[in-house]
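Two complexes are shown next, each including chain A; its partner changes from chain B in the first to chain C in the second.
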Partner chain A sequence: MKKKILVVEDNPMVVKSLEFKLNKDGYEVVVAVDGRVALDTLKNNNFDLVITDLMLPFITGSQLIEHIKKETPTTPIIVLSTATQEDIIMDAFTMGVDDFITKPFSPNELSLRVKRSLGKT
Partner chain B sequence: MHLNILVVEDNNTEKAARLLPEDWQVTYCDNSYDAIQLIKKEDSFQLLMLDEYASPLSAYQTFDYLKSEIKTEVPVLVLGEEGENGILEHYQNKMAFIKKPVTNSDIKIINDLIEKNFVPKEVSDKAYSLDYLNAISDSNFEFIKETLVIFRTSVKDKLIQLKEALGQNDFKSVAEIAHNIKPSFEMLENKTSVHICDLLNNRASKEEVPELVTELESQFDKINAELENDFPELI
Partner chain C sequence: MEKLYDYIYYNSGLEWIVNLNILISLLFLLLILLLILFILYLRVYKNLRNIKKAEHIEKLTDFINGYLFDTEFEEAGIEEFRVNHVRSKLQKKVTTKEILVYSQNFKGEANASIKKLFFRLELDNLAFKEIASRKWYLRARGMHTISNMGIKIQESTAVRLLNDKKVEVRLQSLLYFIKLSQKYPLNFLYRLEEPLTIWQQIHIEDALKSYKEEIPDFSKWLNHKQPTVIGFCIKQISAFNQYENVEKVVPFLEHPEERLKKEAIRCMRKMGNNDSVDIVLTIFASENNTIKKEIIKLIKEVGSYNQLQALSYELKGDNEEIKIEYLKAEEHFLK
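Right after this comes the complex of A and B.
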């Protein structure tokens, strides 16, 4: 069975690229364009991995991460963000995310990191 | 050629460094954070070698950080477990990948990487590049066309929102919109627009914002005009 990944991202070009690459790598991808949609989607579905931006409309990425860590603590999370400041990277790790990728992502790096995070489940 | 190489030390990088020509100077550091600090302090390294999962920042994150925050483009050699050996074009030939363990025959890749970075790159006057989209999709033209359509429509909408926010002196929204569309310009490798988005998101004063928004719009129009010329079917 295909592993199921929730992508939470509000830039449609990034979404398109992630969907293309992850589908090509053999994963099932569900997209949520903001934090609210992500919470709704998480209520009714189980995911093997969540890839999320930090700056999202309505509910921030940090709030979403907190929610996931509370409800399904074993679900791995990869943060996808344009931010490259050390403090933001460190904050994300403090919240318990498994990995961090900066946008625009490298296709090889994405494949490797997704594979590695899914290996932990 | 005497070269100054910075190595984030672990078993594999240390073994690889032993294969380098004897007259190359090798400096070791413990982690990628220290490497960043060293490069920040003395910008004299011609190559940084580290494991793809170096800590606390991976090789790719270190490269991104050096480029965006330190504004330096020291070539990076990544040692990893899975992948094809060679120079990674997506990183503008500034990064190469070698599968561990490194052998003598892999040294050619290091030489190629260094050589490429001593040769001035061809300067393009195009407002956009498809290199990134080609790399993502293995040059899948359908994907590229669809993504270009998304670029034209989504960024156009966001620019309208940006101007509305500016009209209302809502600088918080201006910054958020700039943050949102920055990756779109990055994916088409328009550095001017990426820089403007950074300024709008972080550092621009309120007085500078109107001019930056106008310039961003002008860059978008330029990209669009070139896209329409190069891909008439998009219109």
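Right after this comes the complex of A and C.
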């Protein structure tokens, strides 16, 4: 069975590329364009991995991570963000994210990190 | 009203006024109608253009993603896409914009591939046309594309655009120099004849943050003919802790131009230069309030209580703001 990944991202270009790349890698991808949609999607579905931006409309990435860690603590989370400040990255890891990728990013590298994170579960 | 109308029309021989009024009203109505039609046309045109744009982006995204991530993608598809879908001006413009977005979001192999695609689709021709355009926004856009795609253009063209009459074009041109020069990112300053705006300075500072080579020696431009460039360089000397250049900044403490003097005092403060205090003490009385405040702040941070007290005689005629600044400094020393 295909592993299911939730991508939470508001940049249409990044969304399309991730969807395409991850589908090619053999995953089932569900997209949420903001934090609110992501919460709704999470209510009705189980995911093997969540890839999220930190700056999202309506609900921030941090709030979303908190929610996921509370509801399904074993779901791995990868943050994909433009933030490069050390404190933001540290905060994300403190909240329990599994990986942090900064934009601009390498799709091939992301692909490997997804594979690694899913391998852990 | 009706009676007045009848009177004018039948008795006064002024019926031409009524006819003229009717004519003007009709013309006015016609004008309104034309204006409404024109607005409707613009809206329809814009909507159709947006639909075309959205359709093109849809096709383009599929094409780019296939090109980047599909292992079965055929090279011949690029030429086919160029011939069929990158023909009109709108298609070229939208494609360029999308490719720029991809290149800004991707690094590594994907970034190199997307830049290669830009040339394979012959979009560099559009950028060259744009930088030669008489419209300033096209020149700015062209420079933006060229610098982001790493295209080298003729030095004379780049310098001409660096001193363009439009500030937006100048900004894109200086970013071009920073992005494309390997070892000397700020050498364009030698050729800059226009003032360096605050916005441009912010962009340069931002670009320098991610600059991986050795940071340039900012004292090289302390004799530039543009005071804005000198001010920027003094600021950067302190920002990058270029202590070896402090001596070269000292003369600016007595410079006739207020902003340079202010920047020099701030530089001394940030670099903890105590020798500068003796110089500023001699000029304090003749300075305006802005400079006086900077001088007091300098003494507070790098001077001594005795040096501060030397100012107390000079404060008699000064306004409350200066006196408050003085008291803050005094409190700092007496703590």
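Just so it is clear, the second predicted complex is superposed on the first by the 121 of 121 C-alpha atoms of A that agree within 3 Å, B and C clash if a C-alpha of one lies under 4 Å from a C-alpha of the other, contacts with A are read in each partner's own complex, and residues count from 1 in each chain.
The rule is short, and it goes like this: a residue touches a chain if its C-beta (ideal position, glycine included) is under 8 Å from a C-beta of that chain, and two chains touch if they have at least 3 such contacts.
For clarity, every value in this text was computed on a predicted model and none was experimentally measured.
When both complexes are overlaid on chain A, the residue A:Val14 reaches chain B and chain C alike.
With both complexes superposed, B is the one of chain B and chain C in contact with more chain A residues.
When both complexes are overlaid on chain A, the residue A:Ser106 reaches chain B and chain C alike. Looking at the shared chain after the overlay, A:Phe58 reaches neither chain B nor chain C. In the superposition on chain A, the residues of chain A touched by chain B in one structure and by chain C in the other are 11, 13-14, 16-17, 20-21, 103-104, 106-109. By the touch criterion given at the top, residues 33, 52, 56-58, 60-61, 64-65, 68-69, 80, 82-83, 88, 90-91, 97, 132-133, 135-137, 140, 143, 146-147, 150-151, 154, 176, 179-184, 186-187 of chain B touch chain A in their complex.
Within the complex, the chain C residues that touch chain A are 61, 64-66, 68-71, 98, 101-102, 104-111. Taken in their complex, chain A has these residues touching chain C: 11, 13-14, 16-17, 20-21, 24, 103-109. For chain A in complex with chain B, the residues that touch the partner chain are 10-14, 16-17, 20-21, 55, 82, 84-86, 89-90, 93, 100-104, 106-109, 112.
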